[in-house]
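To start, I am sharing the structure in question, which I have written as structure tokens.
We just call them A, B, C, D and E in the order they show up, numbering each chain from 1.
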């Protein structure tokens, strides 16, 4: 095994070899295999935003098999989705690439003031589908976060004991956080720390904006002269906030947008020491050829070739 | 074993030998081993205050291994942290010093009127990580305290049956308590009593200020002529309130501040019969050399050498 | 066994012999053993009112062992306290007198409009501590009473199946009851009935005042010409309301006050057919010698010697 | 509590206060209460030998109430019997004396080469009947002993956690032991040791005969010059073999026989430091008056008055 | 922590940090602490051989406290015993030295053709007594070994998940093995391998004699020219057979005998790379002073000083 992968596994000393095995599967998969970097395809927008809005821009994406094929053909590290999407391809694509069962989900048919995700899968389901791990979303700062954290605690304990990875989507929300604050540097760093302290093996946060939400954090940053101007600077602080780089943190791609904008962001993540990306809409809402080209370019950037 | 340690163990007659063994481990560890005094390093600020604010003042503290090393090198009695921080060092530092798994935590991304902690760990996790005990925070006086007490009851019962220690952080809060009242003498004494009645083996409260919050308590104190002028006087009353000194009560160090101020407070705790300190920010937010010097001085004070 | 005790046991035909054995233990203990009368020492004020206010008037009472000794030396029937206080003496005083584990408690750091008690112990704990029974407080009339009743239901069912006694503190409270009404005759009678209907073996209520809260009750009493002038009259109605005297009802002593006042009340309870008293503050807030004298006099009153 | 009882309780440091409470109950009951000596009435012969053979010599003994009354009137320490006999008197005699539920039993309708007892009760039953403990027979040396030990392990663990005593009847049997060897000194000592190592609180063995079964033991005794001539000598060795006197060992009375023979044996048990007797057939197979006189004399011997 | 201890812990990569913590406790305890060598005091002869034969040679050894004191005063690494012996000292000696609960035991009152051990303790008991691990005997080659292996499998799995060590006594027996063959080199090596393959963390076998039992093994050894003349040669092969030295193997001392003989054997164990000894009868059957001197010499040999 590549030294870089060995090194990453060494950070997870409290986990059993089963969990390390699954982590190694992700880190050795696809075009980035062995580099210590990851690109994951997540497709939970069917639940999160509805199918019409999510898949009409690229109708083949209505078909669950499309996403398995896309992730495989693009040479990605893993594919993450809710129960149904995984069940619809797990036999056909068994053994082709690591799967992550997204265990909680939230539809947006109600505009809840206090967002909350429902548990829609289980560790048993992850095992029977041959998944490498479970995925779970927490909403730090939200009114219902306590219940969310406690469900994660129980699911993560069970998953770890079965040798599964725990991937946490950490999305700050709620009355105490401004809209801009949801991607503030201090808040993103905080979100990464919370997931790491909950025992997440892989953490997904949004790329941090050049903005600081909390007064106390701002004072501390200024006093320490923490550089925050470039995305790389800010990514570096988020990575530092996840156990000084000893937890795998990857960044979401957000809404579909111009390619150049995507590449620029990926370069910032790479230069700041981010471990990779989780790219959904920017992949499956483009047509197949475009998506494959974009993902290939993203991978090249992480390989330092571009 | 030192006579002082034997004496302390004798106060816990309802506990099984496993719990006594873990209590002995803390009392025999480090530079204060055998003295009946304790200094514990707690690092939950990554969750409680966010990583930026907590660790930027001393960047090595972003690394989970730093805290194990700091506690060891300083000769402290134990290290307490949430799941993630312990998992990130438990294999590497196995057997080096007693660990306490902080089982509930609260991030401050929401300015809750009614504070609430989420359970983020388990007794099983404490056992598999080789911990000597569990830690748990209650908020006496807060609106959601009932649920908090009941979760503690269940976790503590399970922990005790497995031979683990129960360490309770007792922090009064809530609409019925003024800001100043949170550290009032009567309220601190009350907080210690509540934790003791819940079956805590070690109790952490804040050092009591020279202020009394509740009218009934003030009348009683005045009638009895209870001395409250010096910190030592007030510590004495808190210790008395924890089963007349038959439960181990330690005091938090609070926000980072001047060394002399810290030492003065430690002398008050010592002279009032406090069992020790739990010093987080005043340790890990200083650079390593300063922190080690400060902790060494604190220990010297408890040893009566300073 | 004394005939009186046999007769009382005969009222509890649905209970198993284990529960009867524990009831017999209380009824055979101490100076009132065999008389069918009981005096219990309850010490939950450390949690209910805070340690400063509760124990400063008589500082030896900070020590958990003090209360075991006081109850023993006074020849009382049982000692009731929360988990911590019992744990701190259960080994040392094992087998000396019947213990009752007070399973729920409420601190008064918050001035809740709607009082609520937290469960802070368990039936398992009662067994491992060698208790004769569990204690539980309900607040008839309060907003959160339903949850309180339902927790009692579950705990009482479990306790009874293990042969433990169920002692219920029944304290009317809440928006629908006037302050004076909390000890109204109709309300006290009602509180006793509710506890009896919940399956309590021993019921604790406050001595009823010469006041009727509910209009319907007042009309009925007047129509029937129910005598209510003397305390004995009113006690008689409360006892009647607890299954016509076929459940053991005891009365609380309330805040510390003049001895004569205490004795006068005890005579009223005795003459009305009350089964005894549960005397906390009037015992442990006096110095030891005074407390022993007072308790001895109370016992003499119940023995009909005074 | 008497100092002797306190001292005995102190030997059981790994037990919870509930178990100590029940041990104290036995040690404080009856005419020997407080002396550190015990006499228990066991009536399992109805199952072990059949009712005809057991109760026809004294027909009132067919009635389950007879044995409760006999034990009470004689001032014994406890009454031990199988489920049915206890159920038939537990309500009527609730609280009168400590009961021990004999959890396994063996009828002799089959002349098994390899004796085996059946579990005929449960810890739940012991709790609902208000018992102080459970009783269990093991047959060291027998072909089926492994299963017997393992059932005891599980029942004893459960009983201890509920605060019950564990009383073990340890009767060597089997192909490897000669008939005479069943009560050999080395074998009796061995039987006591096995029960103690299984965690028994009270151990019942047969009085050892002046005979040594195992060659290795004989050599060791001879080399050490162990005195074995008098019963007191031999009892002393059995007591020594049960943790050097730090476990309560009592001796069975065996088949009914002449009074003087009984008294002589009791004196030997007393003089060798035995903790008491468990006397069945010699009590209930005599008529009531005779039995009461015999038991009274036995008690007087243990009191050193005779 | 000493480098040697760290190195040994590194061999147990599939174990959780809790188990490593307990392994570190043994390796850091006593006079050999940090050296990577161990001397353990086992006292199960009370059950295995009977108390008379075991303790009469040194009567203080009848007292359970004697063995705790002996192990402590001699500076040993741990004390292993059945439930009763540990229960009788666990509170008094809590925290003084690592304890190992011997979970199965066999009395020799029956001369079974097919030896079998009974499970007489539990993982729960090990936790509540504060033990570092469990001990278990298997009889490779015996008729009933399958059941023995399967009970070990279940207990070991449970113990490991709770962070406890698993120590396996591996004693070949049975119709297919000659008496001499029980300590044959090939058989001892085989016994060590079996325990290692069952997941034992520490393995106890008897020192191998210069004899080979199985024909196939003899041929292979001869072909390879395996040196077997000295004890050191043979120990080396046993250590090699336990994962090439990556499992801790210790050797039993056997029956009490002359000191020089003991020392000679220890030197052979040391020179062959054995990790230490488990010395029962040669310790507790001598008088205290002799035992302490012998154990001190054994330790000096392991320290290379003698």
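Definition applied: a residue touches a chain if its C-beta (ideal position, glycine included) is under 8 Å from a C-beta of that chain, and two chains touch if they have at least 3 such contacts.
What you see is a predicted model, and the numbers here were worked out from it, not measured in a lab.
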{"item": "Pair with more cross-chain C-beta pairs in contact, given B-D and C-D", "value": "C-D"}
{"item": "Chain B-chain D separation of Cα centroids, rounded to whole Å", "value": "49"}
{"item": "Rounded Å distance between chain A and chain C, as computed from the means of their C-alpha atoms", "value": "58"}
{"item": "Whole-Å separation of chain centres (CA-atom averages), chain A against chain B", "value": "35"}
{"item": "Computed distance of Cα centres, chain D from chain C, in Å", "value": "40"}
{"item": "Per-residue multi-chain contacts in chain C, two or more chains", "value": "90-91, 124, 128-129"}
{"item": "Chain pairs that touch, as defined at the top of this document", "value": "A-B, A-E, B-C, B-D, B-E, C-D, D-E"}
{"item": "Chain B - residues contacting chain A, complex", "value": "46-47, 49-53, 55-57, 59-60, 62-64, 82-92, 105, 107, 109-112, 116-122, 124-125, 128-129"}
{"item": "Chain E-facing residues of chain A, complex", "value": "13-14, 16-17, 161"}
{"item": "Touch list for chain A against partner chain B, complex", "value": "11-15, 140-143, 145-146, 149-150, 153-154, 157, 172, 174-177, 185-187, 189-190, 192-194, 196-200, 214, 216-217, 220-221, 223-224, 226, 237, 240-241, 243-244, 246-247"}
{"item": "Parts of chain E lying in touch with chain B, wherever the complex brings them together", "value": "1, 5, 9, 16-25, 27-28, 90-91, 94-96, 124, 127-131, 161-163"}
